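In order of appearance the chains are A, B and C, and numbering begins at 1 in each one.
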Amino acid sequence: MMIFRELLSRNYKQIIYLALFLALAIPLVNPIGLPVPVQKTTMGVYNKIESLKPGDVAVVGSNIGAAIYAEVYPQYIAILEHLFRKEGVKVLLVGHGTEAPIWAEKALNEINAYGRKTYGADFVHLGYIAGEEAAVAGLCRDIHALLKVDYKGRPLTDLPMMKNIKSAKDFTIVMDFTASADSQYWLNQAYATYGTAVGFGLTAIKVPDAYAYYTAGQIFGILESLSGAAQYEVLIRRPGMAAQGMDAQSLAHLLYIALMVLCNAFVVMERRVKK
Amino acid sequence: MLIAGKVSWALITLVFSLAMLVVLYLASRKIYVPQIREHPGVHAITEAVGRAAEMGRPVSFSPGTSSLYDTKYAGDTAAALTLLGYVAKEAVKTGSKLIVGIAPPTVLPVAQAIVQTAYSLEGKSEEYVEGDTVRFYSPDQWGFASSYIGMMYRERVAANFLFGGHAAEALILAETGATVGAMQVAGSTNVYQLPMYVVACDYTLIGEDQLAAAAYLSPDPAQKGVIFGQDIAKLICVGLIVLGAILSTAGIKIIYQLLAS
Amino acid sequence: MAGVWRKIASVVLLVAPAIILFDFALKNPTLQSVATDLNNWAVVVGAFALGIGAYSLVLRHGRMISKRRPEWPYSIMLLLTMFTFIVTGLVTGSITSPQYNWIYTAIVMPVSSTLYGMNAFFIASASYRAFKAKSWEALVLLVAAIFLMLKNAPIGGVISPVLPQIGGIIWDFAGATGMRALLIGIGIGTLALGLRVIIGQEKTPLGGAE
């Protein structure tokens, strides 16, 4: 134990990083298959989307980029898949970051959106709109005043579903996938101004902030990081990369706990040696 | 005229704004300048710069990756720039090399002006190096992070200040500073990054502590007035919360109905 | 001349937010139309602001190359990469073209996700260094952190169903409560900054130093 303590105190970073790498890598190669319990925040999102009727409009905003795609992209795919299974629900995709359109198109191709639904009648991709909160405010006020064309340059007036979608009054729900402040923008502009139901798909670090709004009843649900995505994949019976990652996450969390306990055990040992 | 459901919003905004504007007016006219207690974080800043001077190693400063027009963190950035003025003054006084890393391009001219002014006031204008003292790295979060940590490793900074609106790169910057042995003082109202600062930095100004420290150090009395005005608004919030909780428990939902638009 | 522009900017900073604020609370078609136009102009300005970042990068790194500052070859690499992305996007007409996707997947994805992923490793080493229970408060923090981690990971429920429940109670009654208080403070601070900008007290958006 003392030798291990000596080693850890001298090279603690190298040992910790190696241990963490193994804790993450081994379950990805050799899954354990731990059960994934569904939390109430995830269930809130699922129930809301399940309650959508034909003609309802679901706005899916995203600020997914290469940095956060591992946490948020599986949520995005799962939600889009669920929305596309709902008959008659219109889906409007919006980007709040420069990389968002890349991930939106990737997701649409992955769920075969163009094959199973009609672009323009069932779903529209507006692309990235600059301006942060001003962009969200513009979408909520009057989409046609803000934008004339969609992501591919097609006039909005030529897209059948956009005839009936003019402002946030026509949105039924908004789901925003982000690690940035655009979730707050949708709350400010869509929920606070028009009373539109808003839900989030967030990275773990943003969840505490959103949870305050969830407990106040201002958002209908949160997909919390990779575990939220895994729970949603279980709910819609479409296992994907999130479910695979949960074993790795569990082992990594156990490692963090072990490290915290270990460092305190060493402190206690040191005190005893000094006495 | 007023949209139904917006009455409570208008009322609350009016009351808060009036409270802040009155105090701001009194402070800017020096009729009443609220006294802000000396924050322990200010000592930590001075200590860190002094340590860097003793070790003969540079001081690094980052005012955040949020711009001055950011909806949420513009206040942070403004406070960070005030703190930059103080750190620059202390660095010049003690003869430490100062390196300021900038992410948003809109902050660059402001930071340059602040640092140049600090050097001029100490009579050491020649020590300010254009493009080197204040360095624009990248508007991209990760481009900035990799540049900043590269600078910390190369320059072996002895004091690192992380103020303003940092996002996910906060832990990477702070942990790198810890690795190179820098004394670190950080502050942010970004609640997601505060835990990272607390574990990796020597001193953390939590939430409004950063704004209060900036107001304390700023010669502008209006900044002190703003802090006091915000405290009044917070007291009103506390009053509403306590009153609302008591009344709701008694079954009277008037406060709840007033606030819930 | 600079003084005139600052005065004009100050007037704009007063009038524009006032219009947006009044539009939020009042029902007036004229006000709504003006506010919508202002909002849409802000979107256009936001788009141009993206270009400022690129321009600043070219300026800075161009200067580093011309003056042969230390590590100037990296500046060449940066500018080359930047122009490769710009030209590819312009020539193919879309950032979702196969060519753009290829360079995005080859360069941006590994670099960005690596930097973000470093957080996991840094948290591990920072936790080992910092989570020492040297006081009662630190011990409470340590115990709360352990329960919250067991709540978030499925393994907590597997070890015992009680563990995530305790984590949930800590989260609901301590975490969310504290967060709410911080959010109120941030909201008030944002309002204060907005007021200062509107009345012209805050000089930094006008490019002035204190």
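By definition in this document, contacts are C-beta pairs under 8 Å (C-beta built on N, C-alpha and C of every residue); 3 or more make two chains touch, one makes a residue touch a chain.
The model shown is predicted, which means the values in this text are computed figures rather than measured ones.
Each chain's centre was taken as the mean of its CA atoms, and the one lying most distant from chain A is B.
Counting C-beta pairs in contact across A-B and across A-C gives the higher total for A-C.
Closest to the protein's overall CA centre, chain by chain, comes C.
Look at where the CA atoms of chain A average out and do the same for chain C: the two points lie 17 Å apart.
Mean C-alpha position of chain A lies 29 Å from that of chain B.
Multi-chain contact residues of chain C, defined as those touching 2 or more other chains: 24, 49, 111-112, 115-116, 123, 125, 127, 129, 131, 179, 183. Residue positions of chain B touching 2 or more other chains, listed in rising order: 71-72, 142, 168, 191.
Multi-chain contact residues of chain A (touching two or more other chains): 13, 67-68, 132, 208-209.
Chain contact summary for the complex, chain A toward chain B: residues 13, 67-68, 132-133, 179-181, 184-185, 192, 203, 205-206, 208-209.
Against chain A, in their complex, chain C makes its touches with residues 24, 32, 35-37, 39-40, 42-47, 49-50, 94-96, 100-101, 104, 108-109, 111-113, 115-117, 120-121, 123-125, 127-129, 131-134, 142, 145-146, 149-150, 152-158, 164, 171-172, 175-176, 179-180, 183.
Those residues of chain C that touch chain B in the shared complex are 21, 24-28, 49, 52-53, 55-57, 60, 63-64, 69, 111-112, 115-116, 118-119, 122-123, 125-127, 129-131, 179, 182-186, 188-193, 195-196, 199, 201-202, 204-205, 207-210. Residues of chain B that touch chain C in their complex: 1-3, 6, 9-10, 13, 16-17, 20-21, 24, 28, 68-69, 71-72, 74-75, 77-78, 81-82, 85, 104-106, 108-110, 113-114, 117, 131-132, 136, 138-140, 142, 145-146, 168-169, 171-172, 174-175, 178, 189, 191, 196, 198-200, 207-208, 211, 218-220, 222, 226, 229-230, 233-234, 237.
On chain B, the positions that touch chain A within their shared complex are 70-72, 141-142, 167-168, 179, 191-193, 261.
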